Amino acid sequence: MAVLLILPFVAIYGLVFIYPTIKMFILSFTDAPLIGAGDWVGLENYERLPRDRRFHTALWNTFYFVALTVIPGTLVALVISLGINRLKGRLQSLVLALFFLPYILPVSVVYLIWDWTLNFQFGIAMHLFDWAGADRIPVFKSTAWFMPAVGFVTIWWTAGFSILLFLAGRRAIPEEIYEAASLDNSGSWSTFSRVTWPLMWPVTALVSTIQLILQLKIFDQVYLFSQGGRPNDNLVLVYYVFQRAFQSNQGGRAAAVAVVLFVIVIVVSVLNFQLTRLSGGRRK
Amino acid sequence: MAGISINGVSKSFGSVKVIDDLSLEIGSGELVVFLGPSGSGKSTLLRMIAGLESIDKGTLLIDGTRSEHLAPGQRGVAMVFQNYALYPHMTVRQNMAFGLRNIGLDSRIIEERVRNAAQILEMSELLDRRPAQLSGGQRQRVAIGRAIVKEPKAFLFDEPLSNLDAALRVRTRVELAELHQRMRATMIYVTHDQTEAMTLADRIVVLNNRKIEQIGTPMEVYLRPKSRFVAGFVGSPGMNFMRAEVDTSGEAVARLGNGAELPLDLDVPGSGSYELGIRPEGVRVVSSGGGTPTAQAKAGVVERLGERTLIYCTLDDGTELIAQDGSQSAIAPGDKLDLDFDASAIHLFDQVGQAYHAR
Amino acid sequence: MAGISINGVSKSFGSVKVIDDLSLEIGSGELVVFLGPSGSGKSTLLRMIAGLESIDKGTLLIDGTRSEHLAPGQRGVAMVFQNYALYPHMTVRQNMAFGLRNIGLDSRIIEERVRNAAQILEMSELLDRRPAQLSGGQRQRVAIGRAIVKEPKAFLFDEPLSNLDAALRVRTRVELAELHQRMRATMIYVTHDQTEAMTLADRIVVLNNRKIEQIGTPMEVYLRPKSRFVAGFVGSPGMNFMRAEVDTSGEAVARLGNGAELPLDLDVPGSGSYELGIRPEGVRVVSSGGGTPTAQAKAGVVERLGERTLIYCTLDDGTELIAQDGSQSAIAPGDKLDLDFDASAIHLFDQVGQAYHAR
Amino acid sequence: MNPTRIHRINMAGLAITLITVIAAVLWAFPLYWGVVSSLKPEDEVVRPYVELWPQTLTFSHYVHALTQTQIGIWYLNSVATAVGVTFVTVASSLFCGYAISQLEFPFRRALWWLILASFMVPIQTLIINHFELIAGMGLLNSWTGIILPQLIHPVVIIVYKQFFDNVPKDFREAAVMDNASEWRILTRIYIPMNWGVTTALSIVTFIWAWNSFLWPFLAVTKTEMMTITVGITQVSDAFGVYYARELSAAVLAGLPVALAYLVFQRKVTQAITLSAGIKG
Amino acid sequence: AASETVVWWDFLSGGDGVRMKQMIQDFNKEHEGQITIDATTLEWGVPFYSKVQTSAAVGEAPDIMTYHASRIPLAVEQGILTEVTSADWQQMGLGKNDYADATWDAVTIDGKQYAVPLDTHPVVLYYNKDILGKAGLLTENGVPKGMDSRDGFTATLQALKAAGVKYPLGSVTADGNFMFRTIYSLMGQQDGVLMSGDEFLAGDNAEKLQNALAVLQDWTNEGLQSTYTDYPATVALFTSGEAAMMINGVWEVPTMTDAHAKGKLFEWGAVELPVIFDHPSTYADSHTFAIPANKGKEMSKARHDAVLEVMSWISRNSLFWATAGHIPAYGPVTNSAEYKAMEPNATYSSLTANMIFDPKSPKAGIAGPIFDVMSSYFVPTLNGEMEPAKAVEEIKYELNDL
């Protein structure tokens, strides 16, 4: 019985998870093209990476993007969720819906909408710059603004998810705790900093962990927004894997980059897990 | 410690009136219990005193100060919540100190007060634990400790024992009673458990349906319930009720469904149909043959509680009632019984629920 | 209905022995209560009978059939769980029918049995509701109904009332007793609430620490506890205990800590140090001046339960005990009291916990 | 001790409420702007000033997208693959989660650890090998090929296991006492008792699958096999330099999910919190 | 015989996309019951060529596709194109003689042909006659003033600016890929080359590239050119009148012609790029048709025949393609009287003499490595973020590191 029940799952996992993972490692030691066999080249693909400018760009941009989205995204969602939490009834679900709506949109739609909104010539956001008397910023065309802009759009896109988690976390705090705090003469700030924030900490840790692991794997937005722009300045690791494998037809070199990302995500996950566990342990 | 005076307060949630023009005086150092069925407004009233619910109308004086517009923290009362509402991320010490920190008390004084309260409640060794590491009873004590350190004008309790298991509930109830005796603090205690009310209260306020049904000492409420509602609500097992025709033409008598006539030792306005109430301990099983029993009954379930035995029985006319017998009662289910009603334990209730008690 | 015979069964979880060589005969139609503190192995024993736990050693006969190796479903017993374990997604009817469907019973017969059981339990109108739409008491009845339809050889109950609130618990207890009287089915009932055990059982099996401490009727267990443990565990509030020096040189007497001497009306093997036990109803408050009281005490908390009053008091030598007084007791906290011990209510326990009772 | 204090708190509260509502409107504004722009003629769209409502309302871009492009087929592909991913993922995870939670079998712990570990593995890094694998099986440009690599959602199985773990043991035992077989316990007790979880996990998996971009983008080379997320950005066929047309395609792609969300808002909300292991 | 369906991919959008669709329709109509073209248009540039490459590698490529001549060396090296054999040429009824030498050469690698040329498409300067006329910046011939020198052209731009034109010149400054054409043209005007043997930007070629970049950056710095403008925006700026001139491919001609015909456009013109440096020179590339080498998939004879028929038919009928602005590759068409009478093609037909093409190398071509490297640095430079010297240094380093 048990075997029958786990069989479909194990079969799928074996086929699309375990087998490809092993193959990826093997591939990274060869000079194979995307499709077809290659020769064993040992560590050569890895040895090239430290000298590889694009790899540097991709690595830097990936971490930059993580820095731009994870903590700011978490905080934005936290603030919004606290705002929403104060609302009641229909207004609450309406406002929540407005904040959440972007999350369920496909990335392509998000791309088209923001590409339009921030269009350098015709985007409505540029009128804001004009009104403010500032120079327009070609956000997706300039290196300095690209990552922050994609980060901003990403936060806009995914905040709904985090907001929901924060709301659930906030609702899990019994109202009685707040009543106790008001009887304890606790003002708004002290209630937030001494009660709400510490009690929301586990959710905050969860949200930022989810974000962290997700954003390290960024590809879709960066790819779409760099279309027709300057992809080589905007490379992130997955994009670079894609570029090597699918544009330059260098499966082996791509796999080496993939392995690096693989290791980074696992190391970061483990570190993060330990960190939140430690800080959680301290607070518990 | 301080008295609390409630005058003509009302409260509605939306269009639903929950408290209607209610007035009440609570003396300094008194332990008053709000007793009533679920939904009767006990918690609402308590929370209005605490400031957690606004007061629509009427006045509230705490220690002589008009308080209905004060913020909860400024009324000088402390509250113990049903689920304790301990801050889960703070140690016991921090939980107790939080309220004092907020008013900027000197940390030496805080430390001192916390230590004292911990001593009173015998939990000095728990001070550095977090709520999750405490048992239910210990959390309960921390919640009380958090109230004590504030040296409040009054303590408010909202069903503080309902989350404890039966044995612990009994023990904590006694501890609370002791604490009150020691501190002589003004306390308001909300419960729907009549045993708790009976055993703890200086005075019981019986609430029902937005209004106060009766205010009195536990024994007043038990022995001289003001209404049919109070009579039925207080006491476990509850009072027995049956139809009775009262005849005041001669010596006042009540005629039961089975025809038996009971002489009445109470002032009743006139003849007519009444409800007769009598507690189980007023219904005694008499050995057959001795005199004329009031009623004949068939025993159903026999509950041997150890120190006494309750007999659930059915009169000939189908009325069900509970009789009490001694600890070593020989009665078995199915036995035919002779029952005698103690005349001094009889209560009558008229159509509107107004009570008449034995003189 | 059928008897159950347990012979020398043992059970370990890993290296922890939970039931040790235990034997027990349960007669057909009997309601036996397993009573004991938490962790004493009550549930484990019940589940061994049900087949939900394997039996390491020993034999189990249900209605004369060796059953220790049968699958749970094939032992012909039905179980009512503490949380009822009603399938939340099925209506009451489906819940009751599920077990019968699984053995492929004809749907007409199933319908018939469900209807009958519903009638017995007076819940015919609930059949199409789901558990979530039922009150706690109603769920309880459905759980029993689900057992009844299987027409089992025995009913097994594991603390079936522990999830109900106080008032409902009392009512349901009575209903269960009635049901048993009506059906005369073999029932095993697990509880750690001694009131339930007292009021429901034909016989009580007191379990402690892997072993049976006593088997007997409720009154045997209450009045003649076989051991110190049983004496302390049964009764609420519990028995009072105090040190006593017994002197059998002349008329047997027990000397208490305060020097008072109590004449003993029981067979005790010899002089020496014993523990004296007496229930609150054996400790009476006597009006000062009348005769020589056994002890002087100071009243602490006074609990007025309505039909009686419990006085938590402290003897001169610091011993704490509980005395009982009548409903309208005038005693107030802090009063000095004279207490008298009822000689026929005295129990003695020797060093190993062996009990000696009044003759 | 002044009686205005409560009043003042309410003023602050009102301000926060107002800010929140305004923020929400601004937040959703780009969506509105996208929709409005798609209803304007092309020459109105590029005017150098802001018009919050079209002067000439036109649906021509929608007509064009619906009639001149393959958007209908892309829909079909998206729905089919998303449903496929959802169904296979949820079903296989359900069975496996049940087995891990309730049954004893060899290597149970090892399997569980593997699943937990896979939670951390970035699936995106496997694209090369997925591509090779799917190409090798001749499944590029097929629904199966799009579906297969998207079936790794360890969250689903983890949530299932947690829920099955949390079903009180009593139910299982009651069913055993009721003579139910293992299969019946699963199908008659555990699955129906956890419909809520199944719905929630299905919703979440569906949203993920519907929105996935990278893999369908790689696995499909033929336009008639594209999913909508890929199609509207990769095929310039009809959209060309036309801003409003592009936006109308975006609106068409986003609208059904958006509407479904608005209708089932509560369910989706529950689903999300549940998938993160928070009991909302 | 059963009808053959030929799967066709192209990257032609906008005005020329519409023309090509028309031709396909005509073809299908004419070949009803025999051959049907099933056409798909993909995103131009990198996406198109990545897709083609991976598709061919896994046997999922189409039967026929459009291909840039500049990229053929790369494609041949990757082995994704099928040779067009002499038998094929014969069957199509086409041959070397039908094409200009440069064109034929562009599809020939090691003596073998890998594609059938369709057109040549240079970039040109579009201009708004209304605006320039009002500002007095048109010569009597109706062409912009100052087309003969850097200073002259800059002066024209400045005059436009002074006349209140927001963007005197519309440039696709957001897209390095696109700007390659303009910059390469400007290098050509100085006789600069990218590759000398295997070396990139050898000798003073680097300087020539820097000169080209500097001119464009100057225009940006002086506010004479639209910045960070992507392709569609550039077209929109020009057609809406916000930009007075625009450098773009000839393929935008139909967009203008159509709009003008509908009365939605000002008077406009298109001329050869201004001579900024020594002599006229204009970058051009060719659209060709190629047959992908689908790995593990042999094309049936019938299908192959159908594909040949498609290529042959389109070539013969490429006069219509000329209305898309391009210069057809098929000699008999360009030599026809009808073609010679066509406007505005005739206006800029002179520039064929000055056309330069990508270096013939597997590193060159649309979306090829050179393209990729250079375009990365064009955007920051053209928009004033990076110094031309710095950009050239980086480009040189990266190119030689390929």
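Note that the chains take the letters A, B, C, D and E in the order they are written out, and that residue 1 is the start of every chain.
Operating definition for what follows: a contact is a pair of C-beta atoms (placed from the backbone, for glycine too) under 8 Å apart; a residue touches a chain by one contact, two chains touch by 3 or more.
Computed from a prediction, not measured in an experiment: that's the story for all the values here.
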Those chains which touch chain D and also touch chain B: A, C
Chain pair that, of all pairs, has the most C-beta pairs in contact: A-D
Chain whose averaged C-alpha position falls nearest the assembly-wide average: D
Most widely separated chain from chain B, with each centre as the mean of CA atoms: E
Whole-Å gap between the CA centroids of chain C and chain E: 95
Cα-centroid distance, chain A relative to chain D, in whole angstrom: 16
Distance between the centres, which are taken as Cα means, of chain B and chain A, whole angstrom: 57
Distance between chain centroids, defined by C-alpha means - chain A, chain E (Å): 38
Residues of chain E touching at least two other chains: 43, 47, 54, 57-58, 231, 236
For chain D, residues that touch 2 or more chains besides their own: 9, 46, 48, 131, 135, 218, 233, 243
Sequence positions of chain A contacting 2 or more other chains: 34-35, 119, 121-122, 227, 246
Chain B residues touching chain C - in the complex, by the definition given at the top: 166, 170, 173-174, 177-178, 181, 193, 195, 198-199, 218-219, 222-223, 234-237, 279-281, 300-301, 303-308, 312, 324, 327-328, 333
Chain A residues within the chain E interface of the complex: 33-36, 53, 119-122, 138, 141-144, 227-233, 246-247, 249
Interfacial residue positions of chain D with respect to chain E in the complex: 43, 46, 48, 131, 135, 140-141, 218, 221-223, 233-237, 239-243
Contact set on chain D toward chain A in their complex: 9, 12-13, 16-17, 19-21, 23-25, 27-28, 30-31, 33-34, 37, 45-46, 48-50, 88, 91-93, 95-96, 98-100, 103-105, 111, 114, 118, 120-133, 135, 148-149, 151-152, 157, 182-183, 186, 207, 210-211, 213-214, 218, 228-230, 232-233, 243, 246-247, 249-251, 253-254, 257-258, 261-262, 265, 268-269, 272-273, 276-280
Interfacial residue positions of chain C with respect to chain D in the complex: 50-52, 71-74, 77-79, 81-85, 87-90, 98-99, 102-103
